[in-house]
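In what follows, subunit A forms one complex with subunit B and a second complex with subunit C.
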Partner chain A sequence: MIFLHADTPAWMLFPIVLPLIAGLLCFLFSRRTFVIALAAVLANFLVVCLLIYQLLVFGSMRCHMGGWQPPLGISLRTDGPALLMLLMTAVTGLAITLYARGYFSYRIFDPPRAGRHQRQQRFFWPLWMLLLAGLNGLFLSNDIFNIYVTLELIGISAASLAALSGKPASQLASFRYLLISLLGSLTYLLGIVFLYRSCGVLDLDLLQNLSNNGPGVRAALALMSVGLLLKTALFPLHFWLPPAHANALAPVSAILSALVVKGSFYLLFRFWFEIFPSTITTPALNFMGTLGAAAILWGAIQAMRQHRLKLMVAYSTVSQLGYLFIAFPLARVDGSAQLWSIVIFMALAHSCAKSAMFMVAGTVFLHLGHDRIKDLSGVRATLPITVFAYGIAGVSLMGLPPSGAFIAKWMLLSSSLASSQWWWALVVMSGSLLAMIYVFRVMSRFFVIPEGVSFIRPAPFSPLLEWPALALALISLFLGLVAPWPLHILSQGSTALAQSFPGGLP
Partner chain B sequence: MITTLLYSLTGLILFAMGLFTLIVHSHPLRKILAVNVMSTGVFLILVATAYTPLGQGEIDPVPHAMVLTGIVVSVSITALALILACRVQETSNLDLLEKSKQSKARKESGA
Partner chain C sequence: MRRTRNRHKRLDGFQRLFLLLVICLTALLGAILCTIHGPTPGLADAVAQFQEQSGVESPVTAVLLNFRGYDTLLEVMVLLLAVIGAWSLTEAPFPDQITEISPVQMGAVRLLAPVMCLVAAYLVWQGSHLAGGAFQGGAILGAAGVLLLVSELPWLRSTPVFSLRIGLVLGPLVFVGTALFCLFFTGDLLGYPEGTAGWLILLIETACALSIGLTLASLFAGGRPEDEVVLEHKPVDQSFNGERS
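Our next item is the complex of A and B:
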């Protein structure tokens, strides 16, 4: 019998088990799906808060499943970055759950297609819960093969979610998405095989302590990186992302764009800078930085050229993911502490802002029946809160103060100038400028009201369609004001990160 | 040792063949089969890894557990991919094989 005290490591099982049980219950009781999912997401949020409290009071924790010690058993652990990613998932997940409720209840009122929308809703909730369980498992897991299983869980549920909308385009896109994610995880598995051959262990702590630097480990790291890059959609491997994200239902696009790509990126970052730092060479870091720079520019240019709002937002994801990789070549100078804070801030801000933006796109689509950018005029008159949320999320994407992205970009700029690698700073600034162009291009459309056109009031819809997007956008905007707080969590419980942060914060 | 190497090399070749087919061929069923060949290659290398300490008369059980997990994952993903491929064919009339045959036939008749 386990007694759950505040300092029991077994609490960290709950973020994985709760959504899993909720997913099963959603299959069984198809009438009360929303209540079950909401309860699971809320409980998940509370448990994550408790875990953060645990981290601040007792430090980093390990939980050995079934009492088996690491070389044989699987262990979970909590530390600063993992908990911040969990918190990001919990907050964004809560908002997306509320929004999905509003979205589906609006769509079910549409009589000719009510049956189809009910079916979509019935499958959405269990799959979303399964995806949440996979993501939480990914962030908590400390075993490299267990991570493979969570990657596959995420891949399966994400591809099925992307296919939910039922349009031919979305089915083709999600088939491609499934194959790509399968290819990525197979490459990752091949990497595990190489790693197991040369090290003989699967636990991340043991691998870190071995600090083996042989050719086997290098090949393994290369294979795993390629697999994870494919899943993260870094620039030349991003081709699957825009169709898959843009053709899905709006809550699904928000999930895929805000959370799923972050999971594989988090792993990649952890492997490069925490588990195998001795294997990494400067050319490899510069290569990643170059790809990131190309992603920023290419994604932004493509985003400017799109004619549909959702495709524009999807390409903006490609562009924003580039910032995460530009942080790589700065590692030589700053060490991993500064790097973690840049990357985590970027990920947090982007996750909130991008899911808010996809929610806005979904609401506009529901309201107008299309999302062609050139016909979006006058939306401001009918959906003021949604347009406000779009503006705030756009501010966060551009990286204006006081958003979280501003803090991340500021740190990027200052460390790239401090290490006399000014070209990265140039890319960051031009990326912000391009982001401004594609955000304002839509924003100006929202405010144009053609003369002599009277707008009919929209059909009454649930406040859940508008407020979650605004809440997320505001969180991403004010993330910069509470910056010391996440940095404090980040610096807890990890010896590599315990060094004090340089006082470069504005 | 030579046995392990042989099996591992076969696995790598299977992986490469699968990757090549996945990229080059456009038919959905071929792509699914290619992915399956790739995963078989990876499993073969894993099984060969377990075979390594033959001299001491013991076999490492961890890769076996990994192969079993991998097979379960691969079967379920193949099922999902097949369903999605069927849906794609139904909804979009995208019968790639038929189309390419027809266009070939047209070309031949035209010539």
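Our next item is the complex of A and C:
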């Protein structure tokens, strides 16, 4: 019989097992589903905090499933990047869970459609819990085939969630999303076939140590990258993202935009810079950087042209994902350590800010019954907290100083100038400028109060609809002030990063 | 053939280009797959080496439920997710009026359904030493379910939804429960205690076969059961009424 101590690796199983059980129970019972989900999300958050404590005290850990060592068995591992992604999922997930409660409760109060909204809520909780389990499994997994299974778990639950609103537009978009997601998974699976045939192992550590550089591994990496890029929605492959994210229910949009696309990006980054660094060539890195730059500009321009708030926020996701890829060409100069800190900061800040923004869009939609940007006037008078959250999240998207995105962009600028690749810096700055335009375009509408209309009537809203968005926006804003702390976690268990910041952190 | 083909069926330039690209890519990948040489032993040796400890004689079952049981646990969840997704979309299209079932069809159902259940049980049992197991057994059970569904038996509609849900969740729940039981006793998720591996695997496989069969039949039915809607009309949560007024 075993007891869990502070240094037991088995703790890392709970972020996967807890949401799994919660998902099963939420499907089984029709009452108290919110309580089950909230308990799972809270417990998940506490366990992630414990795992971070473990990492800081005992270093990186491995947990072998069933006691079978690799190459035979599957192993999980904790390290800095994985735990920061877990923390991102736990914090954003907690806020989204609370918001979803407020959202569904508000909508169920609408008598003519109460049945439909109750049904949406009924299926939201199990799908969301299983999605959470899949995401946590993805971040922790150290086995390339197991990652495929988690990708499947994420893809199917995400597509079902996107279809939940039941409108024809959302069903069409989510069907396309499902097909794209399956295509990405199958391409990834084909890559695994090539990899297994050339290397004979599935464990990431073993693959890393083999450092096989043959044509099979190159083909495998190309296939897996294309599959993951499809799921991450990098610029030319982004076509499915805006309709799928904008037509979903507000909590679902927040989940999809903040968490799901980050999962496949995290894998891609890990493969390129940790597992197969010797296979990567400079033209490939520049190619990714170019796509990222195109995504930043195209996404921002499209965001400026949208007439609906949710579509604007969705296109802003396309734009923000570009920043993650623009870090790629800087790898030759900085090494992977600086890169990890750039992309992790960008991902953390974007995840909090973007989910806050989708929550705001959802609340505004509930309040006005539409989200046409030109008719948004006067919202400031009735929903001050929501508008405040929108402003703060916008600051974070633009990358103004105290925010986490500012730190990431600052690191991007300094390393691109240091490596005399000034054109990336130019793209980053113009991306920020365009972000400012599309954020302020909506912001100014919020503050206009049409003449002759008095908005004294306070919105009868539950606090759960407004405060989670504000909390997330504030987290993304103040992420920059606590920057040394995530960097400290990131540097644990990876010697490269510790060397790159010998005299303390920036 | 040329005469019967109309204009719409012809590929336009873009499609031809795309087709050509796909063919070239496939050829390239095939060529690369052929050039991969050198020692690629795979994991077959390792599986054979630890076969004794796995508690089952079939290498496939040993990989699926012991060495890589965690993958299978997640796969079972994926199957359940498919049902949840389908149920969230639409209601099962049952016909409005109950039609008379022809005696021939009824006879076939009476004859086949029990045999199918028996074959499914045998396949699950056989999984420990030959080809077979939860997925194969579940597929046969699913086929039995499809047979009952196409016969439009009246009692299918009056099945309580909660029992259907229990049946769907049973396999995954038993799987997770066993995994946690093992975690508690040996410190490893799905690390079966000494000597119990065979029995625990059979338990998991039986429960999963039932759930997989129900899953497949539910997917064939194409949506959630009717009662689901009636079940939903619970009173509105009172806590928010106060805040709204």
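One rule holds for everything that comes next: the second predicted complex is superposed on the first by the 493 of 506 C-alpha atoms of A that agree within 3 Å, B and C clash if a C-alpha of one lies under 4 Å from a C-alpha of the other, contacts with A are read in each partner's own complex, and residues count from 1 in each chain.
Definition applied: a residue touches a chain if its C-beta (ideal position, glycine included) is under 8 Å from a C-beta of that chain, and two chains touch if they have at least 3 such contacts.
The structure presented is a predicted model; accordingly, all values stated were derived computationally and were not measured.
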Checklist entry - In the superposed arrangement, which partner chain does A:Gly66 touch: subunit B (first), subunit C (second), both, or neither? => result second
Item to check | Contacts of A:Glu152 with subunit B and subunit C, given as first, second, both or neither | outcome: both
Checklist entry - Regarding the shared-chain residue A:Ser198, is it in contact with subunit B (first), subunit C (second), both, or neither? => result second
Checklist entry - In the superposed arrangement, does A:Met411 touch subunit B (first), subunit C (second), both or neither? => result neither
Next on the checklist: Applying the document's definition of touching, compare subunit B and subunit C: which contacts more of subunit A?
Outcome noted: C
Checklist entry - So, does A:Leu189 touch the first partner subunit B, the second partner subunit C, both, or neither? => result first
Checklist entry - Counting only touches as set out at the top, which of subunit B and subunit C does A:Gly216 meet: first, second, both, neither? => result second
Next on the checklist: Quick one: is A:Val313 in contact with subunit B, with subunit C, with both, or with neither? Answer first, second, both or neither.
Outcome noted: neither
Item to check | First (subunit B), second (subunit C), both or neither touched by A:Leu179 | outcome: first
Checklist entry - Counting only touches as set out at the top, which of subunit B and subunit C does A:Ala250 meet: first, second, both, neither? => result neither
Checklist entry - For subunit A, which residues belong to both interfaces, subunit B and subunit C? => result 72, 145, 149, 152, 156, 159-160, 163, 166, 171, 190, 196-197, 202
Checklist entry - Inside the complex, what are the residues of subunit B that reach subunit A? => result 15, 19, 22, 28, 31-32, 35, 38-39, 42, 45-46, 49, 52, 62-63, 66, 69-70, 73, 76-77, 80-81, 84-85, 87-88, 91-92, 94
Next on the checklist: Give the list of subunit C residues in touch with subunit A in this complex.
Outcome noted: 29, 32-33, 35-36, 38-43, 46-47, 50, 66-71, 74-75, 77-78, 80-82, 84-85, 87-89, 165-166, 168-169, 172-173, 176, 179-180, 182-192, 228-229, 231-234, 236-237, 239-241, 243-245
Checklist entry - What does subunit A use to touch subunit C in their complex? => result 1-2, 8, 10, 13, 17, 20-21, 23-24, 27-28, 30-31, 63-68, 71-74, 105-106, 108-109, 114-115, 118-120, 122-123, 126-127, 130, 133-134, 137, 145-146, 149-150, 152-153, 156-157, 159-160, 163-164, 166, 171, 190, 194, 196-202, 214-216, 219, 223, 460, 462-463
Checklist outcome for this item: Within their complex, subunit A touches subunit B through residues 72, 145, 149, 152, 155-156, 159-160, 163, 166-168, 171-172, 174-175, 178-179, 182-183, 186, 189-190, 192-193, 196-197, 202
